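One chain, chain A, appears in both complexes that follow, with chain B as partner in the first and chain C in the second.
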Partner chain A sequence: MRTEIRFAGFGGQGIITSAVIFGKAAALYDNKYVVQTQVYGPEARGGAATGAVIIDEVEILYPKVVDPDIYVIMSQDGFDKYGTKTKPDAIMVLDSGLVHDRPNCTYYEVPASRVAKEDLGRVIVANIIMLGALVAATGVIGREALKEGILTSVPKGTEELNMKAMIQGFELIQKI
Partner chain B sequence: MRTEIRFAGFGGQGIITSAVIFGKAAALYDNKYVVQTQVYGPEARGGAATGAVIIDEVEILYPKVVDPDIYVIMSQDGFDKYGTKTKPDAIMVLDSGLVHDRPNCTYYEVPASRVAKEDLGRVIVANIIMLGALVAATGVIGREALKEGILTSVPKGTEELNMKAMIQGFELIQKI
Partner chain C sequence: MSKLEFLQGNIACAKGAIAAGCTFFGGYPITPSTEVAEYMAEALPKIERGCFIQMEDEIAGIASTIGAAWTGARSMTATSGPGFSLMMENIGYAFMTETPCVIVNVQRGGPSTGQPTMAAQGDMMQARYGSHGDYAIIALCPATVQECFELTVKAFNLADQFRCPVLVMTDEIIGHMRERVIIPDSVEIIPPKPAKPTDLPFATDETEIPGFLPFGSGQRTHVTGLTHDERGYPDSADPQRHETLVTRLVHKIESKRHEIADYEIVNPDAEIIFVCYGVPVRSVQQLAAQDKTIGYLKLRIVWPFPEEVLKQFKCVSTFIVPEMNLGMISREIERHTTVPVVSAGKIGGDLHTAQELQEIANAYKATRGRT
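What follows is the complex of A and B.
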């Protein structure tokens, strides 16, 4: 089944990195066909960042995101741009400290940036917390696949920090 | 004018990273509309890696690569898969130590992996040498834009190494 996932936030949060890691995890470690896209326009210079991943069991013939099934939103601007017209059965994982509105679909509030900063000491891994939360909330790929995708992508020496962030993401969903 | 760029190599060379950095450089620092795509299929598990970037002055309506104008090829497998049907006026930058065949279009031989290993002591920056060579050979984006794209993407502490790699890429083309 085709699943479309939209990532949005602001520049510097690692939005595109998280989309790339997620696409890699799904393709290489969860046996899926994947198209992973960034569309940049002049508006990107305003600080918005977005990426998308399409996952399927069969080859993907249409590579554009039509109507996402899943959203990972890390800024109010990202919500305003992508999160206001969700289909009712979509699922959104949002950074509850940075996104003030709430969607009309099912959503999970994850204080990723706060936890990254206060509990892990590095706000930069908020995107990895969000990936953990995404997988825990939706099961769209396996946890082991996500782990492999992260471990084979992050800079050497940061593996432990990123694993802690991923597990925080799992746990923040389990607490809900 | 629409310009399509295909990146291909094997897993671990940072092919997708280089496509992401290049797309970011073009969009954020060279004022272009950009679509940056990875398509992963089961074949990706065989070790092939590919990414694509489409650049235009106007919004990009068709996000699929049709017939690349520019190729950055870092493995013989990548050449076999993407490099054998180039249009005559395409330009290919190839890692001359890893790609044994030569295309029917204009091409530049860049010993990126050898120089990365022997001169810079880190084979991992071969992809950044290739980006420098790509920009020097084609002028498709500005050198300053590439520099900004790299500096805002690479892990903290590796900026100097990556700048050396980019400059090596510029110089390897100037020597040809």
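What follows is the complex of A and C.
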């Protein structure tokens, strides 16, 4: 089944990176067909940042996201752009400290940026917390696959920090 | 053991080049092709005799690529619309001097600087006719990231086989999207035809393709864009000399177009046949999965145009041609068939959806129903 995932936030949060890591995890470690795309433009510098991943058991032909099944939203701007048009059975994982509105679909509030900063000491891993939360909330790929995707993508020396962030993401969903 | 990787199209092109034995890249970065140069800048210095040069502009980029080919290296450059325009004169020079080299054009919206970050297929006619004078060209059009890898490898082989510049015409969507790619341990490499020590550098046999004597091969070679004799010496005022040379250069490619042809046919007995190349192929395949009344021809090589293939569709009543331009290859198809051709051009950067293509097919079916 085709599953479309939209990632949105602002430049510098690692939105595109998280889409690439997630796509890699699904394609190489969960044996799925994957197409990953991004909005590639002047707005990628500092303004809005958008990435997308499509996952399927069969070859993906049309490469662009049409109507997302899952949203990962890390800014109010990102919510304004995508969050108001969700279909009723969509699932949204949102950074509850940065997104003030709530969608009409099922959603999970994850204080990723606050936990990254206060508990892990590095706000930069908020995107990895969101990936952990995404996988825990939707099961769209396996936890082991996500772990491999992260470990083969992040810079050397940051593996432990990123693993802690991923596990935080799993746990924040279990608490809900 | 082949390897699975998760790559974007531009990187797959670069990896294809490295796999094919490319040791030289000369170019000037331009969106949306920059990742090709970035990867080559990292990879080439690690390879024996590997060399990457960022030149002052695209004219110098293709010039250095041609120069490197004459040292015997497999060489490549990559660019997009505005840079492709600047390369036109030297692409003609590469054709005239029978220089094997590969040019990747990651197409973006034009004319002029147009839409740097959006996809298009607006350079397809420029690819064929953009340089001055009579010439022929080979142009490959990948529709997947896997094909970016495979067709770049193939481009190097065709360049050496036919001794001509070969174009890989991709676009911003394929260039920047990531997919799973199978990277084989090794790829088939077809070397250029060797020359005998007694051969003149531009003397040919019945194949019309001279053996390759790059600089340093121990034999006299002279290279010029002027009309030249078999030694490579200029002889530009003899009408017969020019006619013989340019006719051979065009003929060595055009006469082999059915051997060069690379395509896929699905449901050839359909009445409605989509003809597609590059990224719109994906929308056509999506439609074909839903609507069994349509068939399609997917071209992996657009130039030289394999017009004989059109005859394989015995029941066709219309060809529909979705392209990310206002109708270019649709005209080429019109030239070769009496069957009505519907151009489904779309510009702006968004790919045709399967739904849009379905509507075009339905509109055609409705007109058929009335007559």
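We take it that the second predicted complex is superposed on the first by the 170 of 176 C-alpha atoms of A that agree within 3 Å, B and C clash if a C-alpha of one lies under 4 Å from a C-alpha of the other, contacts with A are read in each partner's own complex, and residues count from 1 in each chain.
As a convention for this text, a contact is a pair of C-beta atoms (placed from the backbone, for glycine too) under 8 Å apart; a residue touches a chain by one contact, two chains touch by 3 or more.
A quick note: this is a predicted structure, and the numbers were derived from the prediction, not measured.
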- Using the touch definition from the top, say if A:Lys24 reaches chain B (first), chain C (second), both or neither. both
- Query: So, does A:Ile16 touch the first partner chain B, the second partner chain C, both, or neither?
  - Reply: first
- Task: Of the two partners chain B and chain C, indicate the one touching more residues belonging to chain A.
- Result: B
- Task: Applying the touch criterion given at the start, work out whether A:Thr106 contacts chain B, chain C, both or neither, answering first, second, both or neither.
- Result: neither
- Mind working out whether A:Val34 is in touch with chain B, chain C, both or neither, as first, second, both or neither? both
- Message: Contacts for A:Gln76 in the overlay, against chain B (first) and chain C (second): which applies, first, second, both or neither?
- Response: neither
- Examine A:Pro155 and indicate which partner it touches, taking first as chain B and second as chain C; both and neither are also allowed. first
- Message: On chain A, which stretch or stretches are contacted by chain B in one complex as well as by chain C in the other?
- Response: 20, 23-24, 27-28, 33-38, 40-42, 60, 63-64
- Note on the structure: Per the touch rule, the chain C residues reaching chain A in their complex are 4-6, 32, 117, 172-173, 176-180, 279, 282-283, 285-286, 289, 350-351, 353-354
- Over in the complex, which chain A residues touch chain C? Could you list them? 20, 23-24, 27-28, 33-38, 40-42, 60-64, 66
- Query: Which residues, counting only chain B, touch chain A once they are in their complex?
  - Reply: 11, 16, 20, 23-24, 26-28, 31-42, 44-45, 59-60, 63-64, 155, 158
